[in-house]
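Structures are listed in the sections that come next.
Shared between the two complexes below is chain A, which has chain B as its partner in the first and chain C in the second.
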Partner chain A sequence: MINKKLTPSEERQRQRFIEKSSRVSAKYLRRLTELKGAPDTLKPFIDVLENIYVNMDGPHFNTKKPLIGTYCVMVPQELIYAAGGQPIKLCSGSYTAFSIGDDLVPRDACPLIKAVMGYQTMCVMPIYDDCSMMIVPITCDCKKKMAGMLKDLVNTYSFHIPTSKEDDTDLDQIVNELYELIPALESVTGQSITHKSLSESLDQVGFAQYQMTRFNEFKKNQPALIKGTHAMAVMNASSYMPINDFSEKLYLLNQELAKRKKSKVFVSQKKEPRLMVTGSPIIFPNIKIPLLIEEMGGSLVADETCMGERSLYDPAVVVDQSFDGMMRALANRYTRPCTCPTFVNNDQRIFRIKQMIKDHQVEGVIYHVLRGCLVYDFEYQMLEEELGKLNVPIIRVESDYNEEDIEQLRIRIEAFIELIKLKDLQKK
Partner chain B sequence: MKLKKLFTPTIIILSVLLCVLAYFAYAFEFFTFSTDASGYTIVENNESDGFYFTYSNNDIILNSDNANTRIYALTVDGVAEMTQANLSALNENYLGSFIATIPEQTSDLNQDGNKETLYSYAKTDMEFTQGYRPAAPEFDNQLMPFEVIFTDRTTISLIFNGEVLANQTVTVYSERSGQAEYTSNEAGEITDLPILDIRSGILVTYFENDTTVYQMHYQVEDNTLLTSRYISALSPFFLILTLSVLGIILCLILRRRILLKDPIMSRFLAGNRKVGTNGLLKSQNRFGFMNIRWLIMISSFFLLVFGGKLLGTWYQNLEIPIFSCPINQDQLIGSSCYTLSHLNTLFDMTWTEILIFVGSFLASLIILGRVICGFLCPMGFIQDIYDWIRRKLKIQGLFFDEKIYQRITPIKWGMLLIFLVLCFVGGNFCDICPAITLSPAFAGFKLSLYLSGFMMVFVLITGFFKRRFFCTICPLGYLMGLFHKISLFKLKKDCQACTECGACYEACPMGIKSIYTERKKKDVTSSDCIMCGACVDKCPENNALYMTFCGIPFYRASRKTFMSGYQKNERKLKRQIKKRNKHDK
Partner chain C sequence: MKNYYAGLDGGSTYTKAALLHGNQVVDAMVTNTGIDNNTSAIELIEKMCQRRGIGRSEIKYIMATGYSRKVFEVADDDISEITAHAYGVRVTAPQEYRPGMIVDIGGQDSKIIYLDQNYAVKNFTMNDKCAAGTGKFMEVIAQILETTIDQVGPLSLESKAPCDINSTCVVFAQSEVISLVARKYDRRDILAGMHLSMAKRIIKMMKKSEKGGDILMTGGGALNIGVHKAFEEEMMRDVYVAKYPQFNGAIGAALIASERI
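== the complex of A and B ==
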């Protein structure tokens, strides 16, 4: 919370910030709900987003558990649950917070960092302010410096990620990191991680992933059963929900999708081009790209982004049920299959995307790069080359956390969709 | 750092040491059974018909209806007649072979109307005289001109007047299969008599001419199951178990002491995170391929150990490369490990024998390959049991990384060297082979153990902490692995579907890293792969790994199967929601 007394002008600025921030969020939420074909059971997820971003409430759920803020996808939520904490993902997509953060960090830093720093300094978002600890994986340069800046504001824990993961020693390093994280977590939550609590949390997160697996299966359906933007909203909301709650809501959503599949209720037509997005994270309310895709008549069927499918895709595979075995399983699950471009060698991401193209019958790939997100930008070239061999069109779109580039994005995405339609026609 | 530098030299020294030890393996007595008759008594039973020996625990019973029966024994000082005084107290001077004679009789055995003179004998050999030994005990031919000797499990030899009885036909009546005629070969041996027939007691009749007949009833001490002597046969195995458990406990204590000094790990030792506070992670356990593998391993163990007793020993002509000790004469299938580790015996073999040996070796390599290791081998089975116990106790195991695997290869080579070459320099691999402690003991053979016993303790302790440790240094497995290219079983991978999650690598008992890093080849079978399927079982990506036989996939990785354990949780959730809805109304 705010410690120092605010001057009237500061207070006014703060008020303006709150208003503007919730107005933007509300607008995107509206566009999200107005998008045709939202299942009824999507509502709980929308509610979560509304609560956090529009009402600027604390987390939607009733919890006495201390909040542990995390960034990226490498912090094992199982450990946090096992210690009796509630993980919450703080990577931000707010345009308003971005504009504040713009003054705090270098111009070329990525907007995600700017938004996070903006929220952090404004002290208006309960999810940031109520955090007892923040765990920042040291991934890209921006995250690294962000950890340094956050240190002055909140209890921050730097979680070191090796820069490559080929050697077995890299995994050992992660295992050690996890072991070292335990006491830090325990001191915040006041509970200790036991074999029992860890296996329970593994089980709970595993169940959520089971529901995710079902959800992904539905996403593969052709024609689509759910709009990709809605699916991304689900994933975004998962960052702010307790895992059991999320599993339950996702289960209900899956049931509805199963019904849709049975009664052949589809949200896309056969001829709609099936697209996927990959690249820099897409975080609410910065969902302009998925929205544009689907508003322009494309069907977003898959995403390979870290606030999307990736965060809950890979299961923790427990080979050995000793405590150490579970720790190794976690270390494995959060690094080895992770397709984050911060690793030195990340060829596996290309394989993953190719496999997703196959599984989801994707016809075109939209490569999203946040301005300043170098690591993702680096990987574009190689992917373009590889997909060229497969004859799958790909387009790189760069965006920032503001609405100025919308028109330009619209034109490019529209052209891309037309291109695919044309290709389809030629085939026939 | 210093420790790491010492690692490789230590391993090399160890493997050299192993070679030296192997040469002197016979000098390390682990457990010896008495190789004499002390403790046994001979009991005369005049009530029954016929003339033969039987056994009942420590009694050797001579059944005879003739008052003039005499019993002779083979002793260190030659043949001695048994008197009332020494019948009840056999001592170590007796070599375990006994005969009984009755005065000559007349009878018309061939029913040609003329009576013949019939010489009858009964003979028995105690168990410790049987099996692989240079020469079977032989009696005085003055006393008994016709003698039957059980040379080894495939052979009985016939002796007449001190000479081998070559190319003669005798009638053999066995309790098990009745009467049949057999002809001896040049060396006076009958090789096609099933061992089960021999065990059941045989009556061999030899017509020297029309007027003279020799008859010998021959009974070997059988290794009956579930008697006190069976338990005594198992005692070395129990000793090994006890020692291994002690060793494991010792290692655990040691590890604790070492880890307590470690700044990070000591914290986790203070709490009871090890054994005890068990959480249950049931959802990742499900009935599947791995359970089928267990079933196959269990049945293979029983079939190998007792199969001969149930199904006959014909299959023993086949020899598959497996560490299931063929000194157990009841094994269902022979093992080529004996021939492989005693290659010098090849020189004494006939061409057909060599052909069968090479043929069945190659056939097993092609048809099964190292599936033998993953599914059939008793050594693998017992290591898996130990590993299973560790998992159940939730004791932390050892994870070997690629470097350690690489560094322990000298031991593997050392083992291979011992395995193949020891016989030529006068050693015997069986004295160091840990497999000898398993199958024969379970089948009830009393076998003295030398270095093998210590080896087995070592195998079990290491197998407890590191799954299938012995398999990583097993010479037979290594030999088989060299031929993995021609095996019909293959492990394949869809390199695109793989997410490089490394689950397979974590699960692999042999530490094969290429299954997870491979991105080009479809065939990821490597020479170390024992086809256990653990990697496929743990792979969460559809079709990323699969096993094939002759190119036909029979077991595929699948996300659905991997996650199927969570269906339980889903049903529970469904019930909860229903209940809540009802409540709300």
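== the complex of A and C ==
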């Protein structure tokens, strides 16, 4: 949707942008498929990424539902589905869009915001341009200011999240916010959210969550049944898939992983260090870090970022079947287990990470910090201290959306993997 | 026929080789990395063999490390420089050193490695996007002050009042030094100031939480006594220098090679 007429030089810039952006995405998609051990049933997810990022097509499905762009996992998908909309997650990892956005926001803003602003102003991606509304949770400073900037370009809704998640007051706040979102959604979709439509969408998302839990169980297997980078591709693709379609494809993938488990087909060797990624989100095509981990002989077995399983892991538990009961269940599900560092007190993230280390038998943690992502950087020290007590090594890896630092990242990741291997030898 | 093990450290500026026999350093050699690092590496190995009267077949395993570790065809395997340095200090650290921290000052990067009491790597931090606080920085300044890299250290020790050099970027620091020269400052004071500012920059990279153990300097930068003294002055504690600091990576690689057989 381009409102103004482009000058010839702007038009040429736009063409170059499209070509570059699609080439970079194609390259990372190739590295993703070249990484050994991809299950056959991964293909539909790869196709989604290819369609969106390489072919620059609209969402990979026929829908007459209005698209609602969301900018964080704290936006309840259930409400959007119940209003007859199709949610789509727009947080971006594009190197090309990042370089455009670099001129639009302050230097110290995070690359995610830069990439989003790049896409929004270039008007080349149908997933951005076809959205009827954007919902931006007001969480970190960058998201907050982004919401302000987006307002001038598109229909943007600021979704206010309380900064704490400890007592009934803040739960009431988020319940109110959810109620306020309802008319905004209804005015865009032209449908009302009813008891029936909401309980249906809760069921649909619930099924996806159930499949996600199964998928996560398979990720605990030692040796690994699926490469962590491939698992990340699944989660990235989920951003652009209707929930039922996603559940169906994930069900098939789970079936294949179950078969692998039964016939002992593994994608990692026994001695490969099992690593976990946490910190700032890793979004396609910015998958250099997971790729480096697995290319350098590590096995990525757990992903605690908000683009990982976290987005669909915890189910909404409806105790009270009334409409209000469902709304409260949603408020609960989208804030209480959320480990976003924008909450004032986020001790719970440490517990979650420790639990994941135990469940997934993690031997080392890679802490990803996107340059400018202060809130995640803040929590590094506390985690380092806590993991030190457990004797689990952790390394902070800072990066942004460019490919120039790949060699620097490689040496850090390689040395970290060696460190774990040698630690293992000493134990024996 | 004896068993020897070799380590090759392909740095950005120099390529270093070390020969080990039963944890003893038999020989070590250095050459400019140049544009054909593979040939320089082969020549280093051959020269060491010649000098020590060792047959090439007596070298049982060659381990490569450093910047160009992946391109040495003579090497049997390669290892990251972090691991290599951590191993190297088992041989090169002075007797009284209690493992804690290694400060490695290379040609184009500097790194800090944290060790536990068994010399195992606990963690590390690197500065590799910026030349300030590296050997290259020293070389550039030495050139401006019309001296050589080996004179920089001794000259700086004669300084009575070190100059302030505040720029954190090598390019800006260079112009700062030029303006100090123009204002007729003694080059000994400029050099002393340079060493202090280098030390300050690297100390900033250190983690405050890692206080246990001693500090050991490795890498070509540790050959500069001025830097060594500047570290002691800035940190106000003892800083040790490894034996053969420039060869520490190569020695570590050779030590790992000896464990492979």
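Quick note on the criterion: the second predicted complex is superposed on the first by the 428 of 428 C-alpha atoms of A that agree within 3 Å, B and C clash if a C-alpha of one lies under 4 Å from a C-alpha of the other, contacts with A are read in each partner's own complex, and residues count from 1 in each chain.
Simple rule for what comes next: contacts are C-beta pairs under 8 Å (C-beta built on N, C-alpha and C of every residue); 3 or more make two chains touch, one makes a residue touch a chain.
Every value quoted in this text rests on a predicted model; they were computed, and no experiment measured them.
By the touch criterion stated above, A:221 is placed in contact with neither chain B nor chain C. With both structures placed on the common chain, the touch criterion links A:191 to neither chain B nor chain C. In the superposed model, A:168 lies in contact with chain B only, and not with chain C.
Chain A is touched at more residues by one of its partners, and among chain B and chain C that partner is B. Judged by the touch definition given at the top, the superposed model places A:158 against neither chain B nor chain C. In the superposed pair of complexes, A:55 makes contact with neither chain B nor chain C. Once chain A of one complex is fitted onto chain A of the other, the partner contacts of A:422 are limited to chain C, with no touch recorded for chain B. In the superposition on chain A, no contact is made by A:402 with either chain B or chain C.
Comparing which residues of chain A touch chain B with which touch chain C, the overlap is empty.
Residues 166, 168-169, 171-172, 176, 179-180, 182-183, 192, 194-200, 202-203, 206-207, 209-211, 213, 247-248, 251-252, 314-315, 317-326, 328-329, 332-333, 336-337, 339, 347-348, 351-352, 354-355, 358 of chain A touch chain B in their complex.
Every residue of chain C that touches chain A in the complex is listed here, in rising order: 79-83, 118, 120-124, 126, 128-129, 209. Of all the residues in chain B, the ones that touch chain A in their complex are 264-265, 267-268, 271, 273-274, 277-284, 391, 394-397, 399, 401-403, 495-503, 506-507, 513, 516-517, 519, 534, 538, 540, 559-560, 562-563, 566, 569-570, 573-574, 577. Residues 384-385, 393-395, 405, 408, 411-412, 414-415, 418-419, 422-423, 426 of chain A are the ones that touch chain C when the two sit in their complex.
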